[in-house]
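Here come two complexes built around chain A, the first alongside chain B, the second alongside chain C.
This part shows the complex of A and B:
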């Protein structure tokens, strides 16, 4: 159910876009209206989500330390494990976000006879994730060619390196293959790894199926069912310059690709895909570990919450304290002169 | 419930059908209600303790009652659901962390096998991601559009009594150790989730007594055990006497003394329970050897803060005593003893909640070395291990490591000092100087990857002993490794809960290992002026 639903949705989207866009006059709907609507929801949704997050304060400084704090001069400080300055926080975040550091250090635990627990490095998730994200980034940058006129020179460089293997005609891009592969592997991992299998939701399968479909439809379009690239570029440049036009025929595969992307854009702000933004706001990662040196302010700190006071405490135990020479603030009520004297005496032991 | 024999439990852990051993439950977790059996839960908070706390200004512990987790009816207030949902909404507004942690999890599963509770029980709901899903599913179902429309298809569900019971079970099978957090690509911290779950549960009168009684005692008498001023002083005086008898040096110990330079605060367990008392003897001996101008307080006589395990209001109220007492006594700064969660509170919450510090307090300076503790410039609380490491660096302590020749030590990084503070090298530096040689446990079980004792956050209670032995297994297993490899016989740490709980843990899984505090080892090896020691083959533990 969890993943079959995802496939059903994607197939339905493909059918609707594939057939619908080929009905005369509907090209505009699938080529202009849907993408605009999706992009508006994407942009509005992201802004809404970030404002929603930002509205809540960070009351306490709850950084997690993954290394030595800054303390004494002769103790080596882990600057990216327990950052003390903003620059060090940037360093830590760069490692977390750009290299997926926690996943790099991932381990796999196994229970063996004894019982004995063993831990071994397990970098598969890190590998799949990093291949996926960087492939996606490169593909995204390459796609700017379709939106920009003239095409910036650096896009050519990316294409050159991405096509370095020179296989096939047109040349296969490395990232097209790696993206598809990474998505398949991430999906398979959800089925094979018993922990992840048990806890995965439709919310986890659907984005993978959608991403797979986006990549697949893109690959089909570029390498097999070649659509008219001139008309596509005209439409896309028109979309970004807010003067969209559709001249001539564009194949169904393009509309399917575009509709998948639109679906992804719509889902993005309302799903776990927002981890892309959330990671930067995660208080365990983005705070300095200097909380004893610099006071962190909690906007809702309640000044009315006070400790059970010393005065009340002494009221409860005064007599015994005085009798035993523990210093007190107030003597016993009048007529207890000797005890009063005892109060000024300091503890002896 | 009695604790199963070692063989039985061992068998059950690695061969019993569980998600840890490879058996995937056929039923989805949302369709699997929790059941409470003796031994499976810590006893509920006592009515009178909750009532006392509820009567304190600023604190809110409503709906005190007598109830049992084993009964179907938990005697919840009629509007319990309303309270929970409003409470959740309120906390979403107050804690950005909660919103981020609810929204960002991708369920990659990296955290799954990082939790000591999961490794020991194999219960899928003990995977950190699942613990969060217990709350996240309600967040989706009750607070997000997709969850409201798609319901279970989008992983959402409604708040029910069954969900509440599930929360109670799993919020108390987490020790807020944060190990999962360092493996999470978004830093999602299950401690935060558990803290919120426990706060919500207290809002409808559900909690455990092993947390609430210490909170109540700490409020009234200043410490967990409810020791009144006299017994508290006498316990420490008694330990001082022991030190005098062993070393022949007269100790000068004072209580509630105005004008002292330093207020010393440590977990009260150090003052009255083995093996913490030996650490306490270590403090007394060390401070005396230094001629430190310090005082104990009977009022601020608890370093630990079980408020952290109830709600942030109680944490603040308990923590406030330290500054209040520092102000009353006019001390320059506070020196803090060896404790795990105390230091989570001191390092991450204290200044925020109860700062600014009283005017009489100053940036801490070691009176012996002149070192300025700039890293504690605002909070003005120095960790005993920083303090000692600095003394050693400046050659102010004279050690004879042969006095620790009975010790073959390994080092346990306590969760909070390691992952909520980052005090990792100082204790190693100190250890290097007080014993001839010591051995590290395997690398995946130390430093920031350290495993919890399995009984923190108020779970150090006897009725759940099997659970504790299971959750402590990863730690015990690593200890056993160095016992087998290097004949280690001592497990040293800087946490009072550890000293108590690791003792039960290693007694069960790998008998013959002694648990001790770092300062005990420091004091064992310390050569003092004018000493006249008896033969001390077991250091401070030697019986006179």
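This part shows the complex of A and C:
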């Protein structure tokens, strides 16, 4: 049910964009108004989200440790496993972001006959994820050819290597296939793997279904339901130079593709897709692993609230504690002194 | 807000990356390209399909012709409205669209499309230059 709803939303979006854009005069709404609106929400949304996160204090030093912390000289320090300096944190972060190291070290626990529990390395998620993300990056960069005029040379190089196989005309891109495949695998993982399926929510399925639909509509537009690319590029260049124009006829498939992307942009800041920015703001990854050398001060701490030790606490409540039979470290003052205490009280008055 | 020194530059970098197409054209000194093509100098009005269809499908037609002629050895001709076309870039297309630079390249450059037709074929300009060299 959770995933079928995602398909329903995508089909509804496709119908709205496909039919709506073909009504005379509505091309401007689907080709200009919606993308601008979506981009504004996207840009404002990510800024809002990052600032919101940056306002949250980090009360504890909670880095995840993947190796030996810096210690005595003869103990080997794992520099990217437990970074001690800012440079090492940058190195660790680069490994996490560029190579998806946590997914690479993923282990799967299984109960075997015996009963015996086993832990084995499971790299599938890492493989699907890295194929997906890098394909997506290449596709994103390739799309710049439709926004920039003249097209910088390096975009041509990316296209050359991506279309290296020279299959068909227009040539198939390698990343088109790998992206679609990776999305299908990431999605089926959520259906097939019982544990992950139990955890999966609508907002896990929806982005995958949406990304699949974006890729599929793009592939359909390039290889099957072609529309004049010059008209499309004139509209897209117009969008980024803030003078949008729609010349000639642009097929419905383009508006469907564009509306899907707009939906993705709108979802982005408010969904789990925001992990793109969130990874940099994760205290588990961006903190130094130096808790033995430097004391982490909770920024929440009110300087007016002084430390209150157990001894002080016992002083406050000693009598009640004894009355209720709670063991105390220091007994009540001896009974023969009340006269003196009374005298002190009088002196204070 | 905590760590302003890192958050603010990070946000600026993010915004610059995301809005790359918006500001790149402003700073780029290269001149923009013009996708208007030169119509056949001979004044021909009709291609094998209507113009809209040709714009979208020409690469597929050429690819099919290539496969037909070179891989299946089928050097047939295509007859549209009584006019006979040989299957081939130079046998059909370039007969009317004689100027590759002013016709093919205009849109291809604009949309950054690099068809590999010209890995094997010579453009009319190259042909002329070649003939001069041979003479």
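The definition used in the following text is that the second predicted complex is superposed on the first by the 300 of 349 C-alpha atoms of A that agree within 3 Å, B and C clash if a C-alpha of one lies under 4 Å from a C-alpha of the other, contacts with A are read in each partner's own complex, and residues count from 1 in each chain.
FYI, a residue touches a chain if its C-beta (ideal position, glycine included) is under 8 Å from a C-beta of that chain, and two chains touch if they have at least 3 such contacts.
Keep in mind it's a predicted model, so treat the numbers as computed, not measured.
By the touch criterion defined above, A:57 lies against chain B and chain C together after alignment on the C-alpha atoms of chain A.
By the touch criterion stated above, A:157 is placed in contact with neither chain B nor chain C.
Legend: residue contacts after superposition of the two complexes on their common chain; A:48 is shown touching neither chain B nor chain C.
When the shared chain is aligned, chain B comes close enough to touch A:75, but chain C does not.
The wider contact with chain A, measured as residues touched, comes from B rather than the other of chain B and chain C.
Touch criterion met: A:149 reaches chain C, while chain B stays clear of it.
Contacts of chain A with chain B, set against its contacts with chain C after fitting on chain A, overlap at residues 54-58. Contacts from chain A toward chain B in the complex involve residues 5, 49, 52-72, 74-76, 78, 81-82, 96, 100, 102-103, 105-109, 111-117, 119, 125, 129, 193-204, 270-272, 274-275, 278-279, 281-285, 289-298, 300-302, 304-310, 313-314, 316-317, 320-321, 324, 326-329, 346-347, 349. Residues of chain B that touch chain A in their complex: 10, 13-14, 19-22, 24-25, 29, 56-59, 92-101, 103-110, 112-114, 119, 124, 127, 129-130, 133, 144-146, 153-155, 178, 181-189, 192, 219-222, 228-230, 233, 237, 240, 253-258, 298-299, 312-313, 316-321, 324-325, 328, 346-349, 351-353, 355-356, 371, 374-379, 381, 386, 389-390, 393, 418-426, 429, 442, 444-445, 447-448, 473-474, 477. The residues of chain A lying in touch with chain C in their complex are 42-43, 46-47, 50-51, 54-58, 144-152, 155-156, 159-160, 166, 168-170, 226-230, 233-234, 237, 240-242, 249, 277, 280, 299. Remark: chain C residues 1-4, 7, 10-11, 14-15, 18-22, 24-25, 28, 30-33, 35, 52, 55-57, 59-60, 62-63, 107, 109-116 touch chain A in the complex.
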